[in-house]
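Structures are listed in the sections that come next.
Presented sequentially are two complexes of chain A, the first with chain B as partner and the second with chain C.
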Partner chain A sequence: MMKRLGLYAALILGAIVFLYPFLWMLSATFKPELELGGFHLIPHRVTWENYRLVFTRIPIIRAFVNSLFVSATATTSVIVFGAMVGYALSRLSFPGREIIFNVILFTMMIPAQLTLIPLYTLIVRLGWADSYQALIVPGMMSGFAILLFRQFFRTIPPSLIEAARLDGCSEWQILFHIVMPLSKPVITTVGILTFMGIWNDLLWPLLVIHDRRLMTMPQVVALFSIGGLAEARVGAQLAAATLLALPIIVAYAFFQRTFIESMATTGLKG
Partner chain B sequence: MSGNLRTRKAHVGRRDRWEAMGFLLPSFLLVMLFFVLPVVITGFLSATDMSSSTGFRHWHWVGLANYAKILNSPRAMSRLWLTLQYVALTLVFFNVGMGLLLAILTTYVSPRMGTLFRAVWLLPRVTPTVVYVMMWIFLAADAPYGVINQLFLEPLGIAPRYWVAAHPLLAIVLVNGYIGASFGMIIFTSAIQSIPVDLFRAAMVDGASRWKQIRHVVLPLLRWPLLFVIVYQTLSLLTSFEQILILTDGAYNTEVWALWAYHRALNNYWGYFQWGFGAALAALLVLIGVLLSVISLRFFRLKALIQRPLIESL
Partner chain C sequence: MNQSRRRQRKARRRVEAIGYLMSFPYVLHFLVFGAYPLAFAFILIFHRWNIYLPMKWIGLGNIRFLIHDALIWKALWNTFYFVLIHVPSQLVVALAFAALLNRHLRGRTLFRAIYFMPVVVSGVVITILWQQLYAQDTGLLNRALTAIGLPRIPWLTDYRLAMPSIALMATWKNVGLYIVLFLVGLQSIPRSLYEAAALDGASEWKQFWHITLPMLNPTILLVLILSTIGGFSLFVEPYIMTGGGPANSTLSGVLYLYKQAFFFNRMGYAATIGFFWAMMIFVVVLVQRKVVERDVG
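Our next item is the complex of A and B:
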């Protein structure tokens, strides 16, 4: 019993250490500048001044719409293309299937940061610098998504697909009318992971976007909070950061169960 | 009847082939353009002097000169040492150590609590890097803001300071470690949960303590997940630099190899971008990554460290 208590105490202490900075940040955005030094979580006097400053100084609404558009487009495409390849690799037979699967595993092992330099020169040569396609197109496919879809589709009974074939369904119809509606857990997982990755990404937009109207949330917030546009107003810096983190943390709070469970069960056993 | 079936099968086989082509084509083009081609371009770039001053037109072949320049650079060795220290410390204490600890702790409480705690520990990975690193900056900040100064050190009479500048290596290890631990946690948790409960029951019947259960049942069965996490995270720690970029931008001697490449090729104050030199740096980093993977596979002696499981059920 004592041991069990000790275990919970350790876990709860750890959780507090993790949660405190988030709560402190959220409360700091409502504190007047003079109160910011304190580590108390409930502001003595609540102010909206910090948020007002953010909305007047930087095009944060435009950046929000940009981020939403870029993340949603790329995520949809990752799901559709990922499901297509995953289906072909698990439910269709054709020569070279295993080779293609290995190539996809190989692309997963290439860290994105390594190809940053050639990718940048490529985008510039394509004339895509400062455009939405520079932000979207390189992220339209993901080896990880393909792997997850392939693993999941292998658990769908072949008889179901065979029956649909006998009824004269095309493979296209089978995938999108029969298999996909059964695949909500994997679609959710791929969707969350991809959306989060693109929403949070800072490096790539920093390289290819210089036009303020096309900037995404992380870029605008970095420019404001770290790049000096906030004129050392800490409250406003944190307010901008909160606006960036909030949508993703709220989404995470909603989906975390599906998210963790499917991440753990979708064949990532090494 | 059987002949009929065979022709139908052959027909389906042929149809499969065409359908498969259609299903694969878009992704195939994307893989070629954004994964395979960049790898080829890296090799090509690293043998040229292409930079923002030569542009895409007036560059020259330089052979292995970029590589020679790196190997002769006095800063290369110190950066390599820093990178290795950073990767090793983060990997051992957080990506593997803390990940394993969290996985074991959260599987020994009720499933509901376990999921909840894991959800909390995933937060640093979920939070946008900019926001996450900003939190650290404010926590470690010099007076009057820093929470660490006020909460822990002022009562002890230690003079306030900016803790990132005071202990830069520790700072980059901690900042990356708290993100990295969750990956191992998820992988190890799913591996532990797939261990048959009977094994634990048998161990308990034999009178094994908690520690002995972990040592002799759990760890041996985690051999492959451990190896996977070590190899995969070594690569990702070597190449990721976003957190360090935002935290220090390489100040206080924290310019790891990957950040060095980024600064030289893509982002620096004087606006002279050496794409060729940067590509050579990136190519060498891949080489280091492959080498480290081989070393961890061969000399880490994982097999000796973790005895063979008594049951080969996985």
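Our next item is the complex of A and C:
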């Protein structure tokens, strides 16, 4: 019984360590500057001043729309092309298939730091600096997504696909009307991983986007915080950070199990 | 007979054609955004280039500069320092919480979800939040210390403490992922092993050392490698929190690369740093693999 109590005490202590900073952050965004040093979670006096400063100083709504557009487009592309290539690699036999498979394995071994600068110079030379293409196109395909789709498609009974072929379905119809509807788990996994990766990324947008109208949300929030626009107002910096965290946290609140299971598959990368 | 064989061949050709068609976008994308930058990296290394003027061949100039560049070695040392603190604390905390969670108890999924939350939130958010927690006078951590009569800690302003502070924050952010990975690992250990050990009178502690740890070896290796690569990719935290300071004590490889490219327009040298950094990652991961695999054998 004592042991059980100790176990729960440890788990609850852990929960406080991980949860309290977030709650404090949320409450701090409604506190006047003088109250910020306090540990209390309910502001004595609620103010909207911090959010007002965020919305008037930086194009946060525009940045939100940019981030949403970029993440959604790239994610859709990663899913559609990932499924296509995954299907070709697992269900169609053609000479060169193994080469493509090995190329994918090879690309996954290369640290991103190696190609970061050449990729950046390529974007500049294509004339894509300060454009949506710069944010979207390099991330439109993912080797890891292809491998996940390939793995999943191999578990679909071949007889199902054979039957559809005999019925006169084209490979495209088989992929999009028969295989894809069966693949919700892998689509969600790829979708969550890709969307989160792009939504949260800071380094790439910092390199290719300098026009404030095209900046993504993490970029705008980071520059707000370090660039002096927040006038060193802590509450406002935290308000901007809260707005950036909000969409992912809301999604996480509803689909936490799917999020966790998806992220756990990154373990397969190693 | 002949006709059906011809039809079969025709069908096979069709499948092959569709296979190529479906793979084509990826191959094209790989050639332009994968293979080309990779090949171009090896050209850039031998050039001086500010992106606007023509490239200038300087042979091994960049590499010679890198060898004598105190800042890159500083960044490498900082990264080792980060990894040295971050990885062991990550392993211990993650394993401890995974062991606690790996039993029948109420609210298990809720606890897991709470520990995992910082993993899904952007590093930008986490860093801005922790910057306030670490703040010298108003930060909650120092307020808590002074409340119980202890002196303030200069978390981010002392060059000896800044990197450990960032490592502590990174552990807080990422440990949830490793808890989940360890949970998966723990659940794959057959119950029968523990039952047999318990019959032989092995204490719970002994069971942990002789069954759990050896059986978790693949997960430990995975966590080791993932968190080391994470350490070598450190960027957002020092970029927002410290800008690499104080006294370059939190300068990371990627931050240095970014500064060379962005502030000084030195594409050749930045690419050389990227190449050097990738080599370091390869070497470190290789060594880790060797060491951990030998420990199993």
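One rule holds for everything that comes next: the second predicted complex is superposed on the first by the 253 of 270 C-alpha atoms of A that agree within 3 Å, B and C clash if a C-alpha of one lies under 4 Å from a C-alpha of the other, contacts with A are read in each partner's own complex, and residues count from 1 in each chain.
Following the convention adopted for this analysis, a residue touches a chain if its C-beta (ideal position, glycine included) is under 8 Å from a C-beta of that chain, and two chains touch if they have at least 3 such contacts.
This structure is a prediction, so every number in the text was calculated from the model and none was measured.
S.K.: Put the two structures on top of each other at chain A: do chain B and chain C fit, or clash?
M.R.: Pair status: clash.
S.K.: First (chain B), second (chain C), both or neither: which does A:Ile100 touch?
M.R.: Both partners, chain B and chain C.
S.K.: Between chain B (first) and chain C (second), which, if any, makes contact with A:Ile117: first, second, both or neither?
M.R.: The answer is both, since A:Ile117 touches chain B and chain C.
S.K.: So, A:Phe81: does it touch chain B (first), chain C (second), both, or neither?
M.R.: Once the two structures are laid over each other on A, A:Phe81 reaches both partners.
S.K.: Using the superposition on chain A described above, determine whether A:Trp48 touches chain B (first), chain C (second), both, or neither.
M.R.: Touch partners of A:Trp48: none, neither chain B nor chain C.
S.K.: Common interface residues of chain A with chain B and chain C?
M.R.: 7-8, 10-11, 14-15, 18-19, 21-22, 24-25, 28, 36-37, 39, 81, 84-85, 87-88, 92-95, 97, 100, 103, 107, 110-111, 113-122, 124, 137-138, 140-141, 146, 170-172, 196, 199-200, 202-203, 206-207, 218, 221-222, 225-226, 234, 237-238, 241-242, 244-245, 248-249, 252, 256-257, 260, 263-264, 269-270
S.K.: Name, in rising order, each residue of chain C that touches chain A in their complex.
M.R.: 15-16, 18-20, 22-23, 25-27, 29-30, 32-34, 36-38, 40-41, 44, 49, 51, 97, 100-101, 103, 105, 107, 109, 111-125, 128-133, 135, 138, 140, 143-144, 172, 176-177, 180-181, 184, 219, 221-222, 225-226, 229, 232-233, 235-236, 239-240, 243, 253-254, 257-258, 261-262, 267, 270-271, 273-275, 277-278, 281-282
S.K.: Name, in rising order, each residue of chain A that touches chain B in their complex.
M.R.: Those in contact with chain B are residues 3, 7-8, 10-11, 14-15, 18-19, 21-22, 24-25, 28, 36-37, 39, 81-82, 84-85, 87-88, 92-95, 97, 100, 103-104, 107, 109-111, 113-122, 124-125, 137-138, 140-141, 146, 165, 170-172, 175, 196, 199-200, 202-203, 206-207, 217-218, 221-222, 225-226, 234, 237-238, 241-242, 244-245, 248-249, 252, 256-257, 260-261, 263-265, 268-270.
S.K.: Spell out the residues on chain B that touch chain A in their complex, using ranges where they run on.
M.R.: The contact residues of chain B facing chain A are 12-13, 15-17, 19-24, 26-27, 30-31, 33-35, 37-39, 41-42, 45, 50, 56, 105-106, 108-109, 113, 115, 117-124, 126-131, 134-136, 138-139, 143-145, 147, 150-151, 178, 186-187, 189-191, 193-194, 210, 224-225, 227-229, 232, 235-236, 238-242, 245-246, 258, 261-262, 265-267, 275, 278-279, 282, 285-286, 314.
S.K.: Can you name the residues of chain A that touch chain C in the complex?
M.R.: 7-8, 10-11, 14-15, 17-19, 21-22, 24-25, 28, 36-37, 39, 81, 84-85, 87-89, 92-97, 100, 103, 107, 110-122, 124, 137-138, 140-141, 146, 170-172, 196, 199-200, 202-203, 206-207, 218, 221-222, 225-226, 234, 237-238, 240-242, 244-245, 248-249, 252, 256-257, 259-260, 263-264, 266-267, 269-270
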